[in-house]
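The first chain written gets the first letter, and so on, giving A, B, C and D; residue counts start at 1 in each chain.
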Amino acid sequence: MIIVLRKDATDAEIEHVVEKIKNAGLAVHVSKGKERTIIGAIGDEEKLASLPFEALPGVEKAMPILKPYKLVSREFRKENTTFNVGGVVIGDNAVRVIAGPCSVEGEELLIETAKSVKAAGATVLRGGAFKPRTSPYDFQGLGLEGLKYLAAAKRATGLPLISELMDPRDVEMMCEHVDIIQIGARNMQNFRLLKEVGMTKKPVLLKRGLSATIKELLMSAEYIAAQGNSTIIFCERGIRTFETATRNTLDISAVPVLKEETHLPVFVDPSHAVGRWDLVAPVAKAAVAVGADGLMIEVHQDPENALCDGAQSLKPGKFAVLMEELKKVAVAVGRTI
Amino acid sequence: MIIVLRKDATDAEIEHVVEKIKNAGLAVHVSKGKERTIIGAIGDEEKLASLPFEALPGVEKAMPILKPYKLVSREFRKENTTFNVGGVVIGDNAVRVIAGPCSVEGEELLIETAKSVKAAGATVLRGGAFKPRTSPYDFQGLGLEGLKYLAAAKRATGLPLISELMDPRDVEMMCEHVDIIQIGARNMQNFRLLKEVGMTKKPVLLKRGLSATIKELLMSAEYIAAQGNSTIIFCERGIRTFETATRNTLDISAVPVLKEETHLPVFVDPSHAVGRWDLVAPVAKAAVAVGADGLMIEVHQDPENALCDGAQSLKPGKFAVLMEELKKVAVAVGRTI
Amino acid sequence: MIIVLRKDATDAEIEHVVEKIKNAGLAVHVSKGKERTIIGAIGDEEKLASLPFEALPGVEKAMPILKPYKLVSREFRKENTTFNVGGVVIGDNAVRVIAGPCSVEGEELLIETAKSVKAAGATVLRGGAFKPRTSPYDFQGLGLEGLKYLAAAKRATGLPLISELMDPRDVEMMCEHVDIIQIGARNMQNFRLLKEVGMTKKPVLLKRGLSATIKELLMSAEYIAAQGNSTIIFCERGIRTFETATRNTLDISAVPVLKEETHLPVFVDPSHAVGRWDLVAPVAKAAVAVGADGLMIEVHQDPENALCDGAQSLKPGKFAVLMEELKKVAVAVGRTI
Amino acid sequence: MIIVLRKDATDAEIEHVVEKIKNAGLAVHVSKGKERTIIGAIGDEEKLASLPFEALPGVEKAMPILKPYKLVSREFRKENTTFNVGGVVIGDNAVRVIAGPCSVEGEELLIETAKSVKAAGATVLRGGAFKPRTSPYDFQGLGLEGLKYLAAAKRATGLPLISELMDPRDVEMMCEHVDIIQIGARNMQNFRLLKEVGMTKKPVLLKRGLSATIKELLMSAEYIAAQGNSTIIFCERGIRTFETATRNTLDISAVPVLKEETHLPVFVDPSHAVGRWDLVAPVAKAAVAVGADGLMIEVHQDPENALCDGAQSLKPGKFAVLMEELKKVAVAVGRTI
């Protein structure tokens, strides 16, 4: 931690800061310059985390030196982490595609969709059983029944499953039925939920919150890892900005930034990012080109009658065409799909 | 709902949209202009909510006419809603001030703070027992023990209590101990939590999410009200923007916008908005001047040693001075504190 | 400047950074900690401004210590700066109100408006002769003719004038006709324009850009001051965020932040911030309560037929009522209007 | 235009709105529903542009139907517009790469850079002679001397030139020396500058403002086109958001949105978007994959000693490697470089 004093800081104020640092058990280095006195705290910065240095008299600003995330950081582990989900390796050179409907609506429809996305090259099936909806009057998901339909689709196709968890009380039920637990954007800082999935052994796909910084996203993953579960997939799905032409603004450069900061795999969800099916294809290609380890794409047999997010869902035919295009882009950047 | 067709929309495409609306049970009015064909859907717009009109061929945009919130809207109830919390009326002409520490740290310290904020004119005591923290390594609150200290402070001062709920499994415990349940900014779209507090009879203070629109804030309150609990207080606490000089950006005009859109009381939390104790006073005065029904202010006996948010906490002496200033501003805008 | 090295930085990389700093003429202090090596550059930080430290091998981040603005900073001058504009003192204890139409539309109408805002207590008349409009097809202002009408209104009422400058070629003409030159939000970083007004002796009202940080706003003022003109008024007028309920989001806490950072007066434009006349009054009161030195409010005799910004303009009657309310708030915070 | 009345709108208020529309010369259609009365204005919407419908009594909202941009819209011209710049066709199937230093610093250095970027496959040379800098104390560019060095580099390599215009007084000088005039992000709504370049016959590269919506970007191009110059290139260069890990946030989906809305070519500037040289390559690949018609990339022989933006500049060697990678991505999406 570096603490910059105000130009007019008194000796007593400087001494007060120094004492605070020493009391926390760190060594201190004071540098009195012409313009500013600067105090360096040397040692375990963690011990200073809750001290409100910027509120102390005479202090202009306090600047942490170290990154607050540890277990998920690239510094902690140099090599890419990979893990196996129902036979599918996540995080290696192959770009993995998760596909399926926004919400599970019926068993037959789901199995049909599962078969078609598998045929096109998807390796994980998505489908929401519990749906976070802005309005209490909108379809909220089929719940346990939806999970059973997902299980049926897995039996029919062999595809491992991902579905969203919204409530700590549902963790056990979810673990029984799915292969990857999704934490949605609105729950990225639902810390109780993060701790619960941290105590399981299930891989977790953690979506970035609508206004979460990359640092906060990493800290939320740290919550999961701190409980002992390091099988985490990051998912960039668009952030909220002033632009309204798309549902969200995909932060495409978050992918290489995350790849540098963490050893864990990084996916992109182009469907939620843009919110319009006709923009999914170009943005998905960009995500592969930028270096994403995987994609999550909404596919629905009949988007016009989808109970949720029909506007951003691809029909199976268009999805199959997109998969062919994505394969070419993957090869162009030295990867496979 | 108004649906605008593309200039080149075919008759078949227009007819397809018309059929969709009719099938949903609404009447249709088609207006063919020189530049665009426009289709009006007449009837219960709710029935069209999940239909992805903008994804239909030939459609340029779909514009809803009605507001999606009902029970919390000013249209539903013209007069201001007021309710009594432990003897304190919320929502009438008196501006109410909630004060206390960010987190409960000890019984004696809390009682001392409670006495001093009461003496200064605060009418509700705040204190976090469960703390949502960005880092898993930061202080997470005292939990049930903290709730017991709060209860002790209530016995000592008579002040009703507010504390934050983070987990649906804690609802019962929370209801036993506090008078107002706080839903924090990070949980504003934790829909399961909203439903749970909606099923209680406790007043709820609902904080605006970091990147939530006013409309989304109203929809989250609608979740609570739809379960039968309409004793809801809105709390503007700053939104996330590009500006980093303050912790968040207080959206001061959200107060009059909310007062127009809803019949429920609107509070402001200047402490979280600015994140620096020296800016709390001017911003608190602005909040009273703009028409807030109440304030929530962090006060700590010894901010330098606070376990949480020390930088934005006022000492009791400064809080007492601020309360005197706030009273003058309240009178200037025709209210009391 | 503090430079933090990556954990794995080599001695050669550290030495390379040290050399860069020495070559720029500054002294160096190297601190090798367990986790990180930190390099402090001691001396005139300005000389390092263009060096891309963060791009050097082995460097994690570079953190400037000093603020980049000088002449406009509170450090440069402790006391508030005041200056006289046509008999009106700006920056003292009295809150000044600039009022008038968005754009000048006709001589008679303008004189009528000038008389009414003067009667209500406004001390400066505003009116746009050159209008920056998003669409090339919208009314672009009357130009020189508009300036002449402004001059007539000044003769009729004695009110000093403010009007917006858009083009460096108009500086002379503008200086002949008005008392304060306004630089609009869209031109806050039109550096050529800033230099031109810096070379005049006219007071300048500098509006914050839609997405300008407070620091950038201060730097733009520094452009003006660096040319020799330090009669600058800052104007917060709302920033662009994700919220669409109001035209912009007024950053109310920018006022106390600016008051701390600079010795120059700080105004607020509630009309552009909210974009709706019915929200102007509460937000104007908040601006006075938070400590603004002045306000700029749009007033039009007949908003329904205004050629520009009718939706956010107050009628003279409503403006007069607001002025009475503002006086009470000013008194409540120890000021006058 | 569709005007939605408040639920409690009176007949007189409805009639008042109807009169306004009729007076503007449009036909009116009134639809009285159970929940709301809706008024449709049929005819030339342009005539209603300055009418503040939302400020009229009884009006809830006014929704325009037509897009405000015409000449630049895809509706105005279905096919992609292409134009020739010094022998290079912009806007066809070939992705064009503009490369060169942020600012022109010396003749020899520039010619050397020009030769290396040409050898790598760039087809236009960039270089700033007039530099918009946040600080008045930073290097402001070499001015006319810089333009002469650019001309020398063109003679040496045959590469057409692009450079930024900041001041309407420099238009003529700029037209003499360069092949494409760049309007920078900070001047995107400098409407006088837009009109000036609109009156020339030079191709214009128009950068998106830091907080400009796509719609505003299109409107700024409309300013240029309305003066008679339709040789316009759009350039997405990152927008300002809350994320600070990168200099700006590249809005990658703006490219397909623009390609749909306009017939003009769309470029991407990855260098300014990310602000770090190590992220330029992945983001440039994403830009090609998403469908950009060209790229603008900063290349400097010696970034550590660049006078401007050294941190985001590639060395010629890295640029040459990137060009090879970009060619593969271009082929993967059916294009060439």
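Everything below uses one rule, namely that contacts are C-beta pairs under 8 Å (C-beta built on N, C-alpha and C of every residue); 3 or more make two chains touch, one makes a residue touch a chain.
Computed from a prediction, not measured in an experiment: that's the story for all the values here.
Following the contact convention of this document, B, C is the list of chains adjacent to both subunit A and subunit D. Across the assembly, the mean Cα position most removed from that of subunit B is the one of D. When the C-beta contacts at C-D and at B-D are tallied, the pair with the greater total is C-D. The centroid of the Cα atoms in subunit B and the matching centroid in subunit D are 38 Å apart.
Centroids of subunit B and subunit C (each the mean of its C-alpha atoms) stand 31 Å apart. Centre to centre, using the average C-alpha position, subunit C and subunit D are separated by 26 Å.
Residues of subunit C in contact with two or more other chains: 211, 240-242, 244. Every residue of subunit A that touches subunit D in the complex is listed here, in rising order: 211, 213-215, 239, 241-246, 249-257, 260, 273-274, 278-279, 282-283, 285-291, 325, 328-329, 331-333.
Those residues of subunit B that touch subunit A in the shared complex are 20, 46, 49-52, 54-56, 68, 132-140, 166-169, 186-187, 189-192, 195, 209-211, 216, 219, 222-223, 226, 240, 276-277, 303-304, 306-312.
On the subunit A side of its complex with subunit C, the touching residues are 2, 4, 7, 29, 31, 33-36, 38, 40, 42-43, 45, 63, 65-66, 75, 240-242, 244.
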